[in-house]
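Both complexes below contain subunit A, partnered by subunit B and then by subunit C.
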Partner chain A sequence: MRQALEGSQAIARAVALCRPNVVSAYPITPQTHIVENIAKLVADGELKCEYVSVESEHSAASVALGAAAAGARAYTASASQGILLMCEVLYDIAGLRIPMVLTCANRAVSAPLSIWNDHQDSMAVRDAGWIQLFCADNQEAVDTTIQAFRITQDTDLPVMVCVDGFTLTHTLEPIDLPTQDQVDDFLPPFVFARALDPRKPLSIGTLATPEWFTEARHSHHGAVLAASDAIVAADRDWQQLSGRGCGGLLQVDGPEDARIGILCMGSVVGTLQDAREAMPALPSARIIRLRSFRPFPAQALREACSGLDQVVVLERALSPGATGIVGAEVRAALYGVANAPRVQNVAAGLGGRDMPLTLYAQLIELAQAAATTDFAILDVELDKLPAEDRYPEAAVAAVSGDRS
Partner chain B sequence: MSATTEVSVSLAELRENQPRFQGFVGGHRACVGCGQALAARLVTESAGPDVAVANATGCLEVFSTAWPDSAWRVPWLHSLFENAGAIASGMEAAFKARGQSTKVLAFAGDGGTFDIGFQSLSGMIERNHNVLYVCYDNEAYMNTGVQRSSSTPHAASTTTSPAGRERLGKRHMKKDILQIVAAHHMPYAATASVAYPSDLRKKVRRAMEIEGSTFLLVHSPCPLGWRHDGAKSIEVARLAVTTGLVPIIELERGALTGSMPIREQRPVVDYLRAQGRFQHLFADSAEAREELEHIQALADYNIERYSLRGTGADARDTEGADTVSRGGVRWA
Partner chain C sequence: MIEVRIHGRGGQGNVVAAYLLATAAINHGDHALAFPAFGAERRGAPVAAFVRMAKQPFRRRDQVAHPDFLIVQDEALLHVPGILAGLKPGGGVLVNSRRAASELGVEGTVQTLPASELAVEHLGRPMPNAPLLAAFLLLSGALPIDALKQAYSERFKGATLDANLKLIDATAAMVEAGAWQETADAASA
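Moving on to the complex of A and B:
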């Protein structure tokens, strides 16, 4: 049944439908409404679980780790500084192969302080060994949350569900919440084979000498790569059950004969699709939305780019002094591929900067430019900066030479 | 990574044999005379088999495991340095949610308790999770090679508070973690020493009976860091108690409810002289003499504060506790 729900409220209800045993919670904007809504569901008796209000995000992740290791379906949510404070725990959760789900309400990282949306937080922990799924809208946030609980127990890998802060978390949308029966059919009871149990005592988290560490990393890496299958399978099964799929690893949309592609992650996809429709005079681009950032769907990406002359990678974070993060990975995936498109890489929408429909025209223009843009940040208003801080050579107006 | 040990007997059988149950067994890599290894054995055998351990990073974690070996016969999880309190909270919440009676133990050293893990410990006890938190206090970061912690006693020389021409070891006081913990409306917080195993066992069992957060601070010599012969660990630990420097007390909801009386107080120099970390205090200088007087005053203050001076025979005093452990009421 479709109902108007705020993104955070819908995510909280989706979490509750998954019957978590332990939820750990620490407030941070723009994630707070999620844990508030879960707390209310617990207070009203609609969700039976241990709700642990911790004293930091470090402990939020640690409580979830301990709970999952002790056999509980565990959940927490955070954003921005919270994700960074959790960072070492996130690595530990993944390295120990602990299944759990975390919602990241994507937000910029300080300094300067910004409570608004970009993707720097989840990018900062991309190497932690988690599965990272980015959501296009709130319906997908609901569906992906439910799928995440299934994926995590199928893979013993933690899953981070990334939703754009404010843009999704604080926006009311018509949402089709599944029924409890649907979710119960989809999601079997939580069983963790390595759970801490006095009848079968395991030592988890032992020291690994150089003789073993490499093998541990290898098997973890292999497991994250192999998780692609579990992600695709969960999405397929959920589609059969609910009628809604989320695109598996990535979603491609646009004319088959398009020569220009735009690659993005998260909710900006809706803006780009609307703009493409609203601006019929411009070339109609193929829009590729990465849903799974980890595992990185290199093969699916190559297929999605086939036939394109140009790909503009639009991202919401950067690695200062290098390039964009997604852009670098897309270039690596396309390297050596015959007839690979040229990759232009820009960041936009940093720290909540608006991304209007005209963004589409900017990206098309960039795709058509002779000069290759290794990386630049869009919409920099140089005149706001003192002369010595302008670095015009790094702005999109003065890009590097034509390499074609 | 995880290692497994098959246990073929039932939990009920193990419980019946509880005094002899061993949760932490030989084969680990602790140094000769390690107080922490001894204390961990005493705590786990007293706590019994129906437990799960959250272990902070530190010596205990390192010497008890190295894949694929493990000295633990109870379920055991090591996560990180500063989150034992939070990991234990999560484990307890999971057992509670699943209707399981297993008691959670949290093990950490003084670095993981007084310093970097203090916040997660405070959170755990503020929320009153049903966890027995045991701090094995060897008074410095021993695992990284003897650096001062906020538990390091005043004037002790460590690699980051070395004694030299200008300094007489650590300049600051040892943090009074027991009182800080007790200030959280703690049902039960107590100190113990590996030199008094019967007392330690009793306190573990007392804590195990309490539904809620409990805290045990176990004074555990480190021959490497304190610089004494490994064969003298118990003697040194005993002197820490009989001088009054380490008061053995119990606090319930912040009130003093138990203490180990000292029948014959020993001068602090007996304790200090036995350890290399205090040798600079025996230099022929006014400053060194002043420090010795200062430390003696700290011991005297403890004795006054907790009324530790014992008179007459008391089975639980610093002399009697020893007798009891060799006598017939060993498991009392």
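Moving on to the complex of A and C:
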């Protein structure tokens, strides 16, 4: 039923529809409303679930790990510093191939302190071995949350559902919340084949000597790559059931004969789409939105870029001293591909800086520029900085290797 | 598309006002988004929230830079620099104030309403949202007042709901309905 819901409230209701057995969380802005709403559903008796309030995010992830290892459908959520504090446990969860779902309410990482949205937190744990799915809007946050519980039990890999803090979590919009029957049809009861059982004692996470560590990594890597099929299948099945799909691994939108592509992740996609419509005098770009960042959909990306002369990768995080993170991976995926487009790479909207419609015009201008931008922060306002911190264009270009 | 910016102070129900307005629009079958401005979250600090509403679906999520209307929950905020920034020419400003619009020293299309006093009378607390939102909808004709009442009935219940519904009715008698209709229609067109 279509109704007006705050993103966090809708995500909480979606989690409840998936009948989790254990939810463990520590509140942090902008994740707080999600876990508050789940706690309320439990307290009101609407959700039968063990809700564990813990003293830190490290414990939140550890409780979820333990619960899932014992065969419970487990869920947690966090953001920013909370994700960083969870970091070692996130590697454990993935390395142990424990199925569970985590919502990352994407937020910048300190210092300087910012409670607002960018993608640096989930990027900081991109190598932990989790599946990472990024949501375009709150309908997709609901649908992806439900799909994530299915994907995690189909793959024995944990799934991180990334939703933009504030821009999604604190935004009220029309959302079609599925019925319990729909979710029950889609999501079979959770059965974990390797669940810990005192009748059949088993050790997990024990020491792996050099004789075995490599093989563990190899099989984990292969499993994450192979999870593409489960992600696509879950989205397809959910679409058949609900009428709504999320694009599988990535979503491509725009004219087929477009020469310019813009690649992004998360909720900025809607602003870019509306800007394209509002500025018909500018070239109409093909907008490619990565939904799955892990596994990285290299093949689907190559197909999505086919026919383009230019791709501008817009991202919400960076690797200081190198380039953007998504940009580097897009370049790697396109390397050696015949007629591959040139890749321009910029970050914008760091720490919650607003991304207005005019961003689209800036990205088009960048695509049309003669000079190649390996990486730059597009919306930096240099006049706010003392002269010695401005790193004028020439110096940044030298660092980033201007090829023009 | 009608774009509204609501200014208030932390604890006054600033985001709730935006949520109620967008909920009313969504219940009416329109598309709407409501979200807070990115600022400090402290009781008493100046805060702002945005509402976009349109007959047709839209996808943009940038902040509202050029609102058609401002709703100011606390008159004293008019002295904070930037409160009127970006308001479209001819845009309406609705201020919670006991004073006449002409006394506020604000240029433009200004209406005032003693929303806190009305709220104290009906709710026993100076929560100005119900009078301000009712007045905004009556002035602009953007949505029927019943849509607002339905939004309230989804968020509140019991005595609080009843008092708010009475407050909405009491406000209706004090507002020049349709005074901003032209501006609202132009924004929607």
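Note that the second predicted complex is superposed on the first by the 393 of 404 C-alpha atoms of A that agree within 3 Å, B and C clash if a C-alpha of one lies under 4 Å from a C-alpha of the other, contacts with A are read in each partner's own complex, and residues count from 1 in each chain.
The rule is simple: a residue touches a chain if its C-beta (ideal position, glycine included) is under 8 Å from a C-beta of that chain, and two chains touch if they have at least 3 such contacts.
Just so it is clear, the structure is predicted and the values come from calculations on it, not from any experiment.
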Which of subunit B and subunit C A:S24 touches, first, second, both or neither: first
Which partner reaches more residues of subunit A (counting touched residues only), subunit B or subunit C: B
Subunit B versus subunit C as contact partner of A:D185, first or second or both or neither: neither
Contacts of A:D229 with subunit B and subunit C, given as first, second, both or neither: neither
Which superposed partner A:F166 touches (first subunit B, second subunit C, both, neither): second
Subunit B versus subunit C as contact partner of A:E365, first or second or both or neither: neither
Subunit B versus subunit C as contact partner of A:E88, first or second or both or neither: first
First, second, both or neither for A:D127, with subunit B first and subunit C second: neither
Of all residues in subunit A, those that touch subunit B in their complex: 21-22, 24, 49-50, 52-56, 58-59, 62-72, 74, 88-89, 92, 96, 194, 196-209, 212, 216
Touching residues on subunit C, where the partner in the complex is subunit A: 15, 18-19, 22-23, 26-27, 31-36, 38, 41, 58-63, 65, 151, 154
Residues of subunit A that touch subunit C when the two form their complex: 2-4, 6, 29, 115-116, 137, 166-167, 170-174, 267-271, 273-275, 352, 354-357
Subunit B residues within the subunit A interface of the complex: 1-7, 11, 49-52, 54-55, 61-62, 65-70, 72-80, 82-83, 85-98, 102, 119-120, 122-123, 126-127
